[in-house]
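What follows is a pair of complexes built around chain A, which joins chain B in one and chain C in the other.
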Partner chain A sequence: MTRTAAWSALALLVSAVLIVATGGSPVEAMQALVRGSVADATAISVTLLYAAPLLLIAAGACVSASAGVFNIGQEGQVLIGALAGAAAGLRLALPGPALIAVVGLAGALAAGFWAWLSALMHRLRGVDIVVSTLLMTFVAQQVVAFAVNTPWLLQESRLGRATVLPQTNKLPPRALLGSLGSYPGLQLNAGLLIAVAAAVSVAVLLTRTRWGFRVTMLGLNPAAAAHSGVRVTVVTGSALAISGTLAGLAGAVLLTSPLSTNRLQPGGTLGLGWDGLLVALIARNRPLLAIPVALLFAVLRSGGSFLAATGVPSYLADIVKALLVLAFVAPRVPWRRLAVA
Partner chain B sequence: MNLLDDLGTVLSSSLRLTAPLAFAACGEYLAERAGTLNISVEAMMLGAAFSSVAVAGATGSATTGLAAGVLTGALIGLIHGNLAHRLTINTFVVGLVLNALVLGLTSFLIAGATFGSRPPQRWPLLLLPGIVLLTWWLVERSRWGLELRAVGENPRAADMTGIRVGLRRRQALLWCGALAGLGGAYLAVGEVGSFNQNMTAGRGYLVIAAVIFGGWRLGRTLVGCAVFGLADALRLALPALGVTLNSQLLIAAPYLLALLAMVLFATRHRRPRALGKPFVRQEP
Partner chain C sequence: MGALTLRGITKRYGTVVACDAVDLDVERGEIHGLLGENGAGKSTLMRILLGLETRDAGTILRDGRPVTAGSPREAVALGIGMVHQHFSLVEPLTVWENVILGDTGRIRRSRACAEIHEMSQRYGLPVDPLATVASLSAGERQRVELIKCLRRDPAVLILDEPTSVLTRAESAELFAVLRRVVRSEGRAVVLISHKLAEITAATDRVTVLRHGRVVFRSATAATDVAELARQMVGREVADAAALGLIPAAPHVPEKAQGDPALRIRGLTAPGLTGIDLEVRPGEIAGLYGAEGNGQAQIGDVLCGLVTPDAGTVEVGGVPVDLRTPGALHTAGLGIVPEDRHRAAVVPAMSVAANLTMKDLGTRVWLDRRRLRRRARELAAEFGVVATSLDAPLSSLSGGNQQRVVLARELSGDPRVLVLAQPTQGLDVGAAEDLHERLRRCAHDGMAVLLISTEIEEVLGLADRVLVIASGRVAGELHAAEATPEQLGMLVGGGAG
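And then the complex of A and B:
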């Protein structure tokens, strides 16, 4: 624990040195981070909006990693979820609450299927899951790009304009995730509720159910699990599908939350898929721990956008994130092994 | 323009798009034969692209810039190797973090500075045949390469015979970093002449796809690079030629081809048995 703290302090120190080296002021940067993320109700609302998809993705990553399956394709699964959600939200004429549910469900199922394809390739042809989920991410990006560039698919309607952009129409307001009530200035979006519920469910699933026991067993010792009768194919496939499902749900939540433009755009994930994976890494694949970590990453996201005003490029937040992950995965290592060559 | 001219344009541009991939693919191939599925090749290329342009701008010499790129790539390989094969942190975790870190770092640094544009220097292309031959010789004909392959196939057996598994994998990553660095530096100094944010834009992942597409054989890996380069060149050239072909399909083609190759030739591929598996010596 102390080691983790020491490494994290080192990570922050390195970031501060970077700021000084490029002529900025670490104190001002810190103030900007705080101002953008937690200083007032508006800032906190934005932070919580970022936390929801991050937590969903991280909870999903916890499931697959517990099964010993490393799914690194969340970025693509988020996109596929957003694509299916956008298709459902734009094409179906349903009343408000039903439409919201259908958008979420469509996103979750589509991305779950997308992730399950990797499990299928692994089962049938022994294709490595890490590689296939990674490659499928880039395929997903082009699938989405194709959908929003093709008029007869999802590209926005012309409406007399000279140029149409590669994006979908705005989702109808009744498809958007509502606020759970606004306490003086503080907006609580329904997405956060979904995310926390998902994280808690995943924790319960993994630690309190027979399926979760099989998943954990498979992750800890695949050979022993197979010998004791765990159906490896089924458990691997379901773990991967669930992790994709949650990433897809994150995509749908992102699409329908006030955070986005409520249109499907090729870069619409804001790179949250990669970030969510890092959250799970820091939380060491424990879904409940992922809640505070997702909040921390959300703070870096919302605060990061305020950095630019102080003359420090907002990319600093990305550096801090990566260094923090290093600080959290390094401590289990004895100091003396840290020699060069 | 006649057809021959068009063909010439497309071919020369595809050669130039292939070269950075081919440099890096030689490195990635070697690292994978030693058992590391190195996804930080993207970080190596991007970091090298940045440092090569920075150094070339500061010293006024493209050669020094290229050297700086090679060193940067090797440095990232050194970090990756130590984290993954000395501290035994999962290699994919290390790769993801390094990719995020280098992308953040280069974006951060470029936001504060501007590098002037320099004329492209294409001569490093001439290094490519030599590097391909050297990589082939190292892997297939040298004692060191034999040990690398042993480490990639069966690290426990290799360890039994006295080969230092972690050391060989770290050395393979150093080579991979140097070559990926050369690829990234060539892209920045040799082709474009400047650096922009996220300049490699996923070319590292393309390299990984090429090695998979090639079924872990050097020759086919390079064919993969050439096909991917051609697809990229076609995507850029076709609109001007008046041919409409789905550009998304062309961008996705490398990844689809790699996936397809894995699915179709799964049984015939010489995938290193211990690819991506960490090795920790079992204490008696």
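And then the complex of A and C:
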């Protein structure tokens, strides 16, 4: 714990030095970060909007990592989830609540299947799961690009002589996730509720069910798991599918959240897939721990966009994030053991 | 002046006092035996020496100078080297890579191999430097560990249960090597072992720990196996096999009845050719042979880790589909494999989880209350000493980890019980208890297959002894006719 604190302090120090080096002022940068993320009700609302998909993705990553399967293709799974969600939301004529549910369900199932394909490739051809989930992200990007560039698929309708962009139409308002109650200025979007519920469910699933026990066993000692009757391919496949499902749900939530344009766009994930993976990494694959970590990352997201105003390049927010990740991971590196080996 | 002197070493884990003001003197040129029941604190004491644990109190003197190793690397610089109770080799790498792991400077394969070759000649530790560690038997891995350690030229060499996986001949060779290392190279050796016969034969002086305290020290010549056993576990141990002695009277076989509970036919896998064997309910069949003759492979097949190329396994007359995970367990076969850390336990999971992992019930939700109760019962019945059932298994002493596996496998009330080196790592008291329990199980109609490299154990327990050599069954003897000489001939004959 103290070591983590020391490493984090070091990371912040390095960040400050970098800000000074790029001609900014660390104090101003800090203020901007706070102003953009937690200073007022609007900023907090935005932070919470970012936290929801981050937490969903991280909760999924916890499942696959617990099984010892490293799914790093969340970015693609988010996209596939958004694609399926958009297709459902645009094509189905359902009443509001049902449409919302169907959009979420479509995103979740499609991405779950997408992730499961990697397990299938592993089973049939022995393709490494880390590699295939990563590569499937690029495939997903192509699929989405194709869908939004093809008029008879999902590309936006041509109105008069306006140029059409590679994106879908806006989802109808009744498909969008609303906020839960209205407090002056503060919006509590339903997406966050879904995400917290997902994180809690994953925690329960992993610690209280037979399946979760097997997942944990498989992740920690595959030989012992096989020996005590765990069907390795089934458990691996289901763990991957669940992690994809949650990433896909994140895609649907993102698509229908006030954060986005509510259209499917190739860059619409905002890179949250990668961030969600980092959240799980810092949370040591513990879904409940992922809740505060996702909030921290959301703060960096929403505050990061305010950095530019202080003359600090906004990518510095990414660098700070990366340094923080290193600070959290560093104390877990068995330095002593490395020195011996 | 001692090569190594410990004064008042104390180490606590929470409420457990693993080492309680331990004093120990190890002279240059001696082999010093360190004994004690499971969990007495032997490994902890040595890990402190090596800088793997920090001590709460006490001083360590090397050649009279106070020292503290902060890490094993510093310990090497202080001339202290250790071979651990559990292997610490990197399986996918080759032998030579493992041996030079941690070296700095340029890596030259040819030089490393030549060096390993030279060392294996000098110390009589044959090993192929180019082999992958994953493909080696436990005995061979042990040799690699030894070479790796000796290569760093330690003045004090610590061996934590080095022979638990070696045959008698291999152990004898090892001790010849150690003698030489001690006499002509002037090193000091600390030897931890539960094999008392070995301790009395190989060491010069002994120190016995109980509950973290030194309770007995003596020159080896002035004591004997029975006294050491008494000092260790605090009671008389009568079971000859547990003490590592050949039983005086031949074993009287139980009456085995009925159809074989375990029948293996024509089992062929890498390292095994056409193994046929049967075990009937109510008998203990011994499978005896030198390490590395196929026992590990039989274990792998019966653990469901390896699918054989040919052959069948029947439990209770029903063929088992070996490709289905857990099929053998479902069919009623309990197994204690030789390399527990590989397949039998999940070290990072709790003691309770390890005790119950094969008995999770059939429902979606775990009945945590039931599992806890079960774990508590088993731990009590098998004398598993743990700070808490929620502590990770890896925090248990070696012998207590073994008790966990035994408890789990025996408690499932299997039809067939296969045990490979079951007393490995157990103290004499626990070994005696286990032998008693196995006899009782067989008496109650269980079919027991005892895979062992220990002739004393096989002679003391088995109703029938099968000898395995070079992956084949080389012969079979009944308990009444089995003598060490006869078994020795079969072991040698099969290999030739």
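Note that in this section the second predicted complex is superposed on the first by the 330 of 341 C-alpha atoms of A that agree within 3 Å, B and C clash if a C-alpha of one lies under 4 Å from a C-alpha of the other, contacts with A are read in each partner's own complex, and residues count from 1 in each chain.
To be clear about the criterion, a contact is a pair of C-beta atoms (placed from the backbone, for glycine too) under 8 Å apart; a residue touches a chain by one contact, two chains touch by 3 or more.
Owing to the predicted nature of the structure, the values given are computational and were not obtained by experimental measurement.
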Aligned on chain A, chain B and chain C: do they clash or fit?
clash
Name the contact category of A:213: first (chain B only), second (chain C only), both, or neither.
second
Across chain A, the partner (chain B or chain C) reaching more residues is B
Is A:39 contacted by the first partner chain B, the second partner chain C, both or neither?
neither
Kindly classify A:232 by the partners it touches after superposition: chain B alone (first), chain C alone (second), both, or neither?
second
Partner chain in contact with A:325 - chain B first, chain C second, else both or neither:
first
For A:142, select first, second, both or neither according to whether it touches chain B, chain C, the two together, or no partner.
first
Examine A:92 and indicate which partner it touches, taking first as chain B and second as chain C; both and neither are also allowed.
neither
Could you point to the stretch of chain B, among 131-139, 149-157, 185-193 or 239-247, that collides with chain C in the superposition?
149-157
Both partners, chain B and chain C, contact chain A at residues 339-341
Spell out the residues on chain A that touch chain B in their complex, using ranges where they run on.
18, 22-23, 70, 72, 121, 124-128, 130-132, 134-136, 138-139, 141-143, 145-146, 149, 274, 277-278, 281, 313, 315-319, 321-323, 325-326, 329-330, 333, 337-341
Chain B residues touching chain A - in the complex, by the definition given at the top:
37, 39, 78, 82-83, 86-90, 92-93, 96-98, 100-101, 103-105, 107-109, 111-112, 170, 202, 205, 208-209, 212, 246, 248-249, 251-252, 255-256, 258-259, 262-264, 266, 275-276
Which of the residues in chain C come into contact with chain A in the complex?
71-73, 101-102, 303-305, 325-327, 329-330, 337, 342-349, 353, 357-358, 360-361, 363-366, 368
Chain C-touching residues of chain A, taken from the complex the two chains share:
208-211, 213, 216-217, 220-221, 223-232, 336, 339-341
